[in-house]
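Paired with chain B in one complex and with chain C in the other, chain A is shared by the two complexes that follow.
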Partner chain A sequence: MSGEAALPLLVLASSLLPGLVIFFLPEQRVALRTTLNLAGAVLKLALVGVMIWGVFHGVHYEARLPLLPGLDLVLRADPLAMLFVVLSSFLWLVTTVYAIGYLEGSPHRSRFFGFFSLCVTATVGVALAGNLITFLLFYELLTLATYPLIVHRGTDEARRAGRTYLIYTIAGGALLLIGTVWLYTLSGTLAFTSRGFLSGLDASLHGALAVIFVLLIAGLGVKAALIPLHGWLPQAMVAPAPVSALLHAVAVVKAGAFGIVRVLHDVYGIQFAAGLGLTLPLAMLAAATVVYGSLRALFQDDLKRRLAFSTVSQVAYIVLGIAIAGPLAVVGGLVHLVHQGLMKITLFFCAGNLAETLGIHKISEMDGVGRRMPWTMTAFSIGALGMIGVPPTVGFISKWYLGLGALETGQGWVIAVLAGSSLLNAAYFLPILYAAWFKAPAGDWPAERDFGRRETAWALLAPSLLTAFLTLAFGLLALAPFSPLQWASFIADLEYAR
Partner chain B sequence: MNGVSTWLLILTPLLPLVLAVPALRARLPWPCHVALLPALALLAMPADAAVDLPWLLLGSGLALDAGLGRWPLAMAVLVWGAAASLLPAAGGRPVDARLASWFLLTLSGGLGAILATELVGFFSFSVLMGYGFYALLVSGGDVPARRAARVYLVLLIVADLALFEALLMAASTAGETAFEAVRPAMAASPSAALYVAMVLVGFAARAGLWPLHVWLVPLSRSVRPGVVLLLGAVPVATALLGLVRWLPLGDASLPGAGLVVQGMGVAAVLSALVAMARRRGCASWPAWGCVLATGLFAIALGAGLADAAVWGRFGGWAGLFIAAVGLAVALLVAACAWRRTGGVPVAGRADDAPAWFERWAAAAVRRAARLGMETLPRWRAAGLAGAACLWRVRAWRRALDGGERLLQRWACAVILVVLVGIVVALAGASFGGR
Partner chain C sequence: MPFAGVPWEVLIILLPLAGAMACFLWPRRALPLALLTALAVSVGVAGLGWQVVTQGVKRHAVGGWGAPLGIDLYADGLSLLMLAVTAVVALAVGVYARGYFKARAARAFWPLSLFLWAALNALFLSADIFNLYVTLELLGLAAVALVALAGGAAALNGAMRYLLVGLLGSLAYLLGVALLYHGFGSLDLAILGERVEASPVVWAAMGLMSAGLLLKTALFPLHFWLPAAHASAPAPVSALLSALVVKASFYILLRLWLTAFPPTDAVVAQLLGLLGAGAVLWGGMQALRQTRLKLLVAYSTVAQLGYLFLAFPLASVMGWGGAIYLLLSHAVAKTAMFMAAGNIRRFGGHDRIADLDRVAQRLPLTIAAFGLAGVSIMGLPPSGGFIAKWLLLEAAVRTNQWWWVVVLVAGGLLTAAWVFRVIGYAFTQARVPHAPRAVPVGMEWAALAMAVTAIVLGLVAPWPLALLAVGAPFAGGAGG
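On to the complex of A and B.
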């Protein structure tokens, strides 16, 4: 096996093997488990670094394993895959550090970290999938790997949330399976191809292709939390903070959004899908999700629940950008895949810090918390301002390209959606910042833990600060080489052959 | 390009930004004054300076030009220096660390906006300045100050949205965001009127131009002198500069828009004169001074907007005028403060009550504020407390939650449909195969 074929497999193995070992480690082997976790994450990031350099210079990384007659399990590193692989690998490392600090002293850590690694393996598999059947396999593996993480606490509420999650995602997976099988019977191939592989099919099949598109988008829309398929996401908030971060920023919702990008780019092709009249309804569904998520977030007092509805809204930006079907909007949608991840993981880390350090779970308990935890709230403020789209954060860059893309394609109504969403984001984030920075604390904190002179544990604070820093840095240096924006532009150029 | 000028241009907004981090200024004496040194040195440089920063944001740049940049920068240095001296300080370091941070953030945004050479940079710096100034107003402020600051915040958000839309239109039309490229492109664009309207709404709200001046008066009455001093130099002067930078002045003649702006200017001047004449107390004079000055500026701006040739002849004075506005308001604040401390009786709050012609605007803003920033948190709080009077909101929440639960039940139905679908598909495939 050549190096080009081995590298995608090694990237998968770097999280899969440590994860399998960790499953069998006794609870008290803390040092070994931590070493395995961190070594796997660092190794994966190093391998991804090599791969991204190669992809940029035209190296073709592909591993092919026979799966079914005529269908191979294909792992391929193209620019779009690398955007998601880099995001998930980097955020996995950060989340691992955070989770080590967060779960210190809690039970079932081997089980937790085992599934955590498996979850990232599945996510990277989703990203590297070279055809729809490989994508489907890893997509379903992701469902199974995240379920134990959601029910990790073992409470009735957690089990209920897990059950809802399973019902939704298995239903979605089944729809995806039907769409995939139907597509295979029509086209005879499932290989992801730049600008799609369906445009050459007979015009009499266009009706069937439209139905298949609906099936695929419905299947993927469950994980991407498009309305009305988003119901599992706010419930899954009972999971520990690192899992919430993983669900919202790294793995699950991103896998759904990424799948929609793949279907539009590499199965249908954006131009062909637009020709079939499929992109406008998708854009309108995404726009409705953007507004609905923000409206629902406005009424939540539970911090993580507010963030969950915010995710419903923000992930729909990715779909909106792709469905607007113009080069600049595609850049906006793709770059938001990374940008939303950075901002949302920052917010969830901070929510976890508040819960772990002071026992704060509700927004109404956050009065004056900026004085008690200034660094955490600084990170939170950067993430929140980014979500609103305030410059120079990454949120501004995403909205800038989405807006320009909408004008480029003559879809001015998207600007109104962006403006309305920004207004709603401001309405549900700014009162939190006001309460934290300018109100006096109401009294004692609900459950304060002592960390000496520090505001909280370093393992909790450092990841929040790092991702907040990147939220600013990738906005300020948006045009720097290898920035998410440049990489997204590179992908859009390939798609539109510019 | 002079290397020293380049560094000074970069340091002018950067140093205050860096010093805003408490740990980085902990041992520095007079940090708020030190932050102004690069700007002061830049003013001392004889030649104009410019630096391109293609790696910053979406491709940015900073420059100090002779007319429009140099005068406002000189005014800013003077007024900010005076305001820094008025901050409660011990050994040159402000006692309230957070107040100093907000001060320095606002300063960075204000100076950066003056030096920005393109729309995105200007917008970014003015957003930093706007939110920083809000924090300055709220930090340690009394209840009226907080209420007035909330109105300012609402208008700031609306203004930023309007400017963002204008920014998108400009970038989409011109293909870039440099002021020199945007102005002629927008002048020739069919959407010039909409662009001008967006820019006017955005900067009128930020400058407190009539009828969007409603945040100015209560703020000037309630916040501390060091902050009131900045009213003219920070939001007002920067917004006036923004109007000059963003509008296609001298490139297009838009008589309709010009007339509207002049009308607003005349109304502003009249309302300010009447308000100042009927008050014995001077507490709100700085605010009305701002309204008067922005009104005069709007009259001139309207003339320039209506006729490109007029702006070509007189537009060069805009920088000096903006600087004069900032300085005049600062002097008014100082004079009022001197009058108070000099034993002259200060009129009571009743004397500062709004005039009849202001009341409708204040009522409208109060209503808007209630609808926006006040009602929603109250709904939330009341909903949590189970307040019966807000049953409609609870009904909404209940309806939405009920909808979600219904959707969760649908998920089971979807599974059933899917299972049936799979069976049918498999059966169909097997029959088709035969």
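On to the complex of A and C.
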């Protein structure tokens, strides 16, 4: 097998094989399990590094396996795939370190890390999928691999959250399946093609194509948590913090948003979809989600719940940017895929630190926590300011491009949505920062653990600080080569061929 | 090729028969004898497979007489796939049963299951309708005896009902056979296919034979006997019944439909599809309502058999690939599921779903097997069940029969609902804890191996589907 075909498979295998081995490791083999986890994560990142260099220089990585007569399982590395692959493999490494620290001494870690690795395998499969059926396969695999992580704690509450998650995602998967089959019977192909493969179809099929679009977006919108399909996400926050990171930043919601990008760019083609009149309703749905998520976040006292509604809002930015259908807005949407991941994972890590170290779960318990855990709260503040869109964080870059893109295509109403949402973001994040830094502690923390001179365990603090640092760094160095912004512009250039 | 001329098709019928005899005569040596036989038969099936793949369809006149007087054995791609899945399931059940049965029950299990295997192999190789009757009857007898093996009132009751239903079904079938023989002077499928023309006698024969076979296949609403029989039997027997025995009568129906029966109008196909839809929905809902794991799995068999009949109104376009693929993957997945249910019952001493009590932690291999088999049965990728569902969906969309799309998807959602209901309880603590008993390792691994096979079937589909075309059993008309 040539290197071009082997590399995508190796990228998958670097998390799949360690994961399968970990399932069978006895609970007490901590050192071996940690080694396998980290070795897999580092190896994957190295392989991805090689691949991104190759893709930038025009190498065509593709692996194929016949799945059905006429339909292949295709893994292919194109620039858009690489954006997501890099994000998820990097955040996986960080989250693995964090999870090792977070779960230290808790039961069933072999099972946890096994499914954790499967999740990332599925996410990378979603990213590298070269056609819609391959995408569907990994998308469903992601659902299945996430479920055991959500119910990991084995409480009745966790089981209920898992059930809600499945009701949404399995139903969404069914819609996606119907849409995919239907599309295949009409077009005879499912291979992702730059600028879509449907524009050549007969005009009499345009009605059917619009219905299929709705089916596909509904199926993907479940994971992307577009309203009214977002209900599972706030409930799923009963899961351990590393799983929240996985849901909100690394894998699940991103897979949904990424799928919407794929459908718009490489199945329908943005111009064709706009011609069918499909992009404007999608943009409006995304805008409504942006506002609704922020509004709901305002009224949550549970920290993770507030962050969850914030995700609902922030992920919709990605969809909004794509659906505005202008080259600059697309850059904003795509780059937010990465930026939202960095910011939100920082926030969830910090929420996990607070819960693990001091037993804080509610915002009303956070008074004066900045003095007790200055590093954690510094990271949290950077993430929160990023979410509001304060320069020089990455959040500002995203919103800047979204706004420019809206103006470029003459859709000024989007500016109002962006401004309103930023205000709301400020309204639900700034009080937290104020309470943490400027109020005096109310008394004893709910459940404090002693970490000696440090504020909390290294394995928890280091990942939070790293992602917070990147939130600043990619904002300051947005124009450096291989920054997320540059890569997103590279993709947008391919789609719009300016 | 040194083995090119070996009559494997005869050997794979005689070997399990001989093995059954040997196990009966030397019960103390039954276990090694049975496993040896199982290996030998599997080699035989592989040998026959090699011949069919390289040389095409194989017809063997037993004793050199040939049709219409003698008995013909006939092997094409479809027979071969059925033989292969039978061998795979039988091997796994053999490994499983080794740990499952205590001394006394084992004495009866080995000869009976080998006898069942011989009957299945003979059935899948039969080329005439009377031979099919004989093998079907032998199969039914072996199956009834196996159900009774559990002992106790419930098992005997289940076995008795099973026996009566089976006899009724075979009787109806036999009447049809007599009518056809009287009308056309032949029992051979191929010859009948050439001679049969639509007439009242033929319709009557068709009706009788189909009704008998539908009863034996437990198609809704004739499924009433299945849950009790399949759930009361010992786990390895349940696996054999759900995976293979009900499929045998479906296989006969399919052969008749494709070769011997004259073409019918679309109404009959739609009607069968409608019954299939009823099975999918009713079976799924009943499965969801069960409180006992084995009964739940048995109801899921009712639902899955419904999918096979959904293929009748769809097969005109896409062929039978979807239905056959569903049959194969359901066979292995359901084997895994019954094995997992057996393990859970052995472990906790009961199979109440609400009291599973953290088996996910304490019996991880078994729950993994249950989960993976569930993935295939609900038709999620990657699995054999997904391939089958994709083919069926594609056919339904292509022919604009949207109502079948709805049924296919709704059936999948119902299945997902009960699979995850079970798995959810497997993660949580029960209110009434139970002292667990050890489960032999072989039983756990056998279940997992079958479940993984069901998943792997989702990645190798082109090969079985290509094999299915050997001998063009689905070409219509004189395919036999």
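The rule we apply is simple: the second predicted complex is superposed on the first by the 498 of 498 C-alpha atoms of A that agree within 3 Å, B and C clash if a C-alpha of one lies under 4 Å from a C-alpha of the other, contacts with A are read in each partner's own complex, and residues count from 1 in each chain.
We adopt the following convention: a residue touches a chain if its C-beta (ideal position, glycine included) is under 8 Å from a C-beta of that chain, and two chains touch if they have at least 3 such contacts.
In this text, all values refer to a predicted model and were calculated from it rather than measured experimentally.
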Worksheet entry | Which superposed partner A:V151 touches (first chain B, second chain C, both, neither) | second
Discussion item. On the A-aligned overlay, A:E455 touches which partner chain: chain B = first, chain C = second, or both, or neither?
Written reply: neither
Discussion item. Looking at A:T185 after the superposition, I want to know if it touches chain B, chain C, both of them or none. Which is it: first, second, both, neither?
Written reply: both
Discussion item. Per the contact definition in the header, classify A:A171: touching chain B only (first), chain C only (second), both, or neither.
Written reply: both
Item to complete: Would you check which partner chain A:L68 touches, where first means chain B only, second means chain C only, and both and neither mean what they say?
Response: second
Discussion item. Looking at A:D493 after the superposition, I want to know if it touches chain B, chain C, both of them or none. Which is it: first, second, both, neither?
Written reply: neither
Discussion item. Let me test your reading of the model: by the given contact rule, A:L479 touches which partner, first (chain B), second (chain C), both or neither?
Written reply: first
Worksheet item: Where does A:D302 make contact in the superposed view: on chain B (first), on chain C (second), on both, or on neither?
Response: neither
Fill in: Partner, of chain C and chain B, that touches more residues belonging to chain A
B
Discussion item. For A:A419 in the superposed arrangement: first (chain B), second (chain C), both or neither?
Written reply: first
Discussion item. Using the superposition on chain A as set up above, list the residues of chain A that contact both chain B and chain C.
Written reply: 170-171, 174, 177-178, 181-182, 185
Worksheet item: Can you list the chain A residues touching chain B in their complex?
Response: 164, 167-168, 170-171, 174-175, 177-178, 181-182, 185, 228-229, 231-232, 234-235, 296, 298-299, 301, 364, 385, 389-392, 396-397, 399-400, 403-404, 407-408, 415, 419, 422-423, 426-427, 430-431, 434, 437-438, 475-480
Worksheet item: Can you name the residues of chain B that touch chain A in the complex?
Response: 54-59, 98, 120, 123-124, 127, 131, 135, 138-139, 146, 153, 157, 160-161, 164-165, 168-169, 171-172, 372-373, 376-377, 379-381, 383-384, 396-397, 400, 404, 407-408, 410-412, 414-415, 418-419, 421-422, 425, 429
Worksheet item: Across the complex, what residues on chain A touch chain C?
Response: 23, 65-69, 73, 107-108, 111, 136-137, 140-141, 143-144, 147-148, 151, 154-156, 158-159, 162-163, 166, 170-171, 173-174, 177-178, 181-182, 184-185
Fill in: Residue numbers on chain C that touch chain A, as the complex places them
358, 360-361, 364, 368, 371, 375, 380-382, 386-387, 390-391, 393-394, 397-398, 405, 409, 412-413, 416, 420, 423-425, 427-429, 459, 461-462, 465
